[in-house]
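Take a look at the structures below.
Shared chain: chain A. Partners: chain B in the first complex, chain C in the second.
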Partner chain A sequence: MEVGQIFATILYGTLIGVIYGVATVGLNVIFGVLRIVNVGHGAFIMVGAYTTLVLYGSLGVPPPITIAASILLGAVLGLITYYLVIKHLVDAPELATLIATFAIGILLQETVKAIYGSDTRGFSWNLGFAEVLNVNIVYSRLAAALLGLLLLIALYALIYRTKLGLAMRAVVQDKEGAMVVGINVDRIYALSYTLGIMITVASGSVLAIYLQSGIHPYMGEIYTLKGFVIAVMGGLGSIIGAFVAGVLFGLFENASYLILSQIEGIQPLVLTRSIAFLLLLTILLLKPTGLFRR
Partner chain B sequence: MTVIDWFALRTSLKRAAPALALYTILLILYFAVPGKSQLIAQILFYAVLGQAFNIFMGMTGYVDFGYVAFLAAGAYGFSIAILLLSGVGGGWMFIPLGLLIAAIIAASLAGLVGAIALRLRGAYFAIATIGVNEGLRYLVEGLNILGGSIGLYIVKDMKELVGREGYQLAATTLADMLMFLLAGVAVLTTSLILSTRMGFALQAIREDEDAARALGINVTKYKIAAFMISGVLGGALGALNWALKGGVVEPAQVFLILYTVEAIVIVMLGGAGTLLGPIFGALIYIGLNFTSNVYIAPVLESAGIKATGLHLIILAPILLAVIIAAPQGLVGAIRSRAPSRLREIVV
Partner chain C sequence: MTKQLLVVENLEAGYGEMQVLWGISLSVAERGISAVLGPNGAGKTTLLRAVAGIIRPWSGRITFSGEDVTLSPPHVKVGKGLVLVPEGRHLFPELSVEENLLLGAYTKLGRYNLEESLDLVYSVFPRLKERREQRAGTLSGGEQQMLAIGRALMARPTLLMLDEPSQGLAPKIAIEILDILQRLRGEWGLSILLVEQNIVKSLEIADYAYVIEQGRVVLEGEPEELSKKGDLIKAYLGI
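Right, the complex of A and B next:
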């Protein structure tokens, strides 16, 4: 291992980690407010990636602008799925919402597959690069991480600096109490769920700008898994936790790739996917409430 | 020490009777209707899948999104037995030995995942299971073990063990008969659980886990037991279906999430937690499948939508509709409306 490899691991681990944070935080918003685990999470990320792929690839819309389109699409998808499905299940047993969100994810995957086929696709948005310590610092990746960070800051501001955010936090703290002081809990549920979906679809665009490849209808599955690892690591429902855990996971993943690639006869890239799962079991075994809570 | 509880045994046999009767009818049809034995075998596969899945999901209210991993574990376990015997000989021993290793691997997997994730509440368990099949699949592929991403081909080894004709029999009629046997075992296991302390404990857990815990029920123990039983049955199903019947165990096939979705759909359609639910669920499912292939697929195709994967694009909305409109499923709905005599039968 040389210095350059280690530098690249830390740099790209951090950058993808920030994006992992954005790609997880929607899961936390929805769980935090509605106590629903969105098992179809990754499919919404995939939809965002396709939005960027199609808008930039076919129509030439600059990728950062496609994020706005993803936010809009997320709002539409969020409202539709909330009022058609989730609303009816808020008080149902946990099993119902788990299966329902799972089914929504599958429906999204199969719809995208029916429209665009199952080929793995990509695009090229080149901003150039700088060379430091023999490592190419790709500007489009820096831009993606920066855009992701902006999304996170916007979400944070919305939740901690606005009246809507205050109402959301009130519902989290005490649902009945919130009702008593005149908060329309049903509307807060709808808005929180939709907000979670919006940021998740947007994160798909950010992810697509970062990766620019590997876009296919089932790409979301691995991000559902990674999202769960990060969400559990940071504490389900915590926004800052998702961000910190996202960066930690990005670093961990890239470091494990670096180490595994030194071993002969195995496939490091494939194995890093298993590592996400093994890490999840380990965290659930040791500290299921998240690493950052007492 | 436990003495055999004859009362529980008798109740459970009585409970199992209608389901066993239905499987017997399927068995008769299997031999009686010429050219349709494979359709019956397909219904049987889905019924057993539902029956095995139901023991955990139906009784605890927990959902395992990685259930297909047990089928895969069984298929690999069975193949491992054959590879062990290959060159050594042992003839027909490969079937019992294969099923034994399949059961051991599936039980270990269930024990491991269960011991970690079943201590926690439903949401965490679901989260833990969503990665099980993918995690294991990439472990097999990434470490290049058990044939890596190519998989294991065991037809040749089975032919060496029992001869060409022996294998022909094993992979067709014998495999289907073992599947019928598995269906019977699954039904009896379910009814036995329902009629004993474990069934009452699981029911209490499903209704209110905190209350069950407060009553002194060891909730984790019962959940893990149900999970392991469900996993072992799933493992046996995977072993019979892919390893024995198919002769091929490919990661891309045996870890396919579709089977988990199908299991959920069948249990939800038929009625979670009921004995007859999975059979009716499988029948409805096969019927829907047939209808969609014959009537809906051509329409979609003419509209320019690729019909591959159509399966899931129809299954998902059906699943959503069932969960919202009829969460009890068919058998559950009958049970809550039917006169009490009938209610006893469909429990």
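Right, the complex of A and C next:
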């Protein structure tokens, strides 16, 4: 191992980690407020990736602007799926919401497939790069991580600095308490769910800007799984937890890739994925409430 | 006859398939204190939750200030001044005392009077002012109950419903809290619907009382009358 390899691992582990954080908080917001696990999470990320692919690839809209389009699309999809499906299942047994969100995910995947086909696609948005310690620092990846960070900061400000955010936190901490102070809990559910979907679709755009490849209708599934690992690590329902856990996960993933690639005769990429789930099992066994919960 | 602020008629409610309230009728006079007594499981908590709108009444009628609010959602009722201090307090444990109070003023009416209400609540409960930066979850039981009442007052209620405010408190603090309720009726012109285990003290501050058992009113009257029927109350309440 050389210094450059280690530097690259830390740099790209952190950058993708920030994006993992953004791609997870939506799951956290929805679970925190509504106590619903969105199994279709990854499909919303995929929709965001396609939004950037189509708007930039076909229409030439600058990728950072496509994030705004994803946020809007997320609002529309969030409101439609909330009022059509989720609203009726908030108090239903968990299995009902698991199946319903799973079905929403499949519906999104198949709709995108019907429109754009199942080919794996990509695009090129080149901002150049700098070379440090023999490592190429790709500016578009840096930009993607920065945009992701901005989204996280905006979400944080909304939840910790606004009245709506205070009402959301009140519902998270005590639903009946929120009712007796006059908070319209149904409305907070609708807004929180929609907000969660908005940030998730937006994270798909950020991810697409980072990867610029590997975009296909089923690309979201792996992010649903990674999202669960990160959300559990950070403590379901915690935004800062999701962010820190996302960065840790990115570093962990890249470091395991680096170490595994030193061993001959194995496929490091495939094994790296299974290591994520080993991590999930370990956390669930040792600290099921998340690493950062008191 | 004095004007009735809250009138509940033939209220039926429950959870899932299980009916808990079997046609309860009661009322609270303007600036009056009505007490609801009864053994555990009689339906006292269900009654308050149904009146507050946290659970949906199955049938019957709830009239507040002359307006039918039977099926109004809870946030609408709070906005009209019908406010519940729930059993178990339901505070926001990770928020500070002051943030809990500010959330109490969430409705339009509450927001409008925010500064004044905060001063008033701190003057009634000076202990809360001392601890206003502290997280609600770290308060003692008595302080949490004060905060629950204080938070409800921030909404500027005309009718305050309290579900066993002295539950789990040392007798001395329990009495202190019931005394404060009586003071609030006098100073704020509040009307109060009180569910309480402390029968003697409740009958002392109430001007009308109901004994409920198995979801029905089995006895009602002014406290002096009821006290005369002491044996009957004992029989119903199992004490």
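In this text, the second predicted complex is superposed on the first by the 294 of 294 C-alpha atoms of A that agree within 3 Å, B and C clash if a C-alpha of one lies under 4 Å from a C-alpha of the other, contacts with A are read in each partner's own complex, and residues count from 1 in each chain.
Just so we're on the same page, a contact is a pair of C-beta atoms (placed from the backbone, for glycine too) under 8 Å apart; a residue touches a chain by one contact, two chains touch by 3 or more.
Remember, predicted model here, so these are calculated numbers, not experimental data.
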Practice task
Have a look at chain B and chain C on chain A after the superposition and call it: clash or fit.
Solution key: fit
Handout entry: Partner chain(s) touched by A:240 [first = chain B, second = chain C, both, neither]
Key = neither
Exercise for the section: Between the centres of chain B and chain C, viewed from chain A's Cα centre, what angle do you get? Round it to the nearest 10 degrees, please. Expected result: 90
Practice task
May I ask you to name which of chain B and chain C touches more residues of chain A?
Solution key: B
Practice task
Once the structures are superposed on A, label A:114 by its partner contacts, choosing first (chain B), second (chain C), both or neither.
Solution key: first
Exercise for the section: Once the structures are superposed on A, label A:72 by its partner contacts, choosing first (chain B), second (chain C), both or neither. Expected result: neither
Exercise for the section: Kindly classify A:281 by the partners it touches after superposition: chain B alone (first), chain C alone (second), both, or neither? Expected result: first
Exercise for the section: Scan A:170 for contacts with chain B and chain C and give back first, second, both or neither. Expected result: second
Problem - Which of chain B and chain C A:179 touches, first, second, both or neither - result: second
Problem - Shortest span in Å between Cα atoms of chain B and of chain C, once chain A is used as the common reference - result: 12
Problem - Overlap of chain C and chain B interfaces on chain A (superposed complexes) - result: none
Fill in the blank from the handout: Seen from chain C, its contact residues with chain A in the complex are 52-54, 73-75, 78-79, 83-86, 89-95, 99, 102-104, 106-107, 110, 151-152, 154-155
Handout entry: Interface residues, chain A side, partner chain C - complex
Key = 166-167, 169-170, 173-174, 176-186
Exercise for the section: Please give the residue numbers of chain A that touch chain B in the complex, ascending. Expected result: 31, 35, 37, 39, 85, 88-89, 92-96, 98-100, 102-104, 106-107, 109-111, 113-115, 117-118, 221-222, 224-225, 228-229, 231-232, 236, 265-271, 273-274, 276-278, 280-281, 284-285, 288
Exercise for the section: Would you pull the chain B residues touching chain A in the complex into a rising list? Expected result: 57, 61-63, 65, 113, 116-117, 120, 122-124, 126-128, 130-132, 134-136, 138-139, 141-144, 149, 257, 261, 264, 268, 272, 300, 305-306, 308-309, 312-313, 315-317, 319-320, 323-324, 327
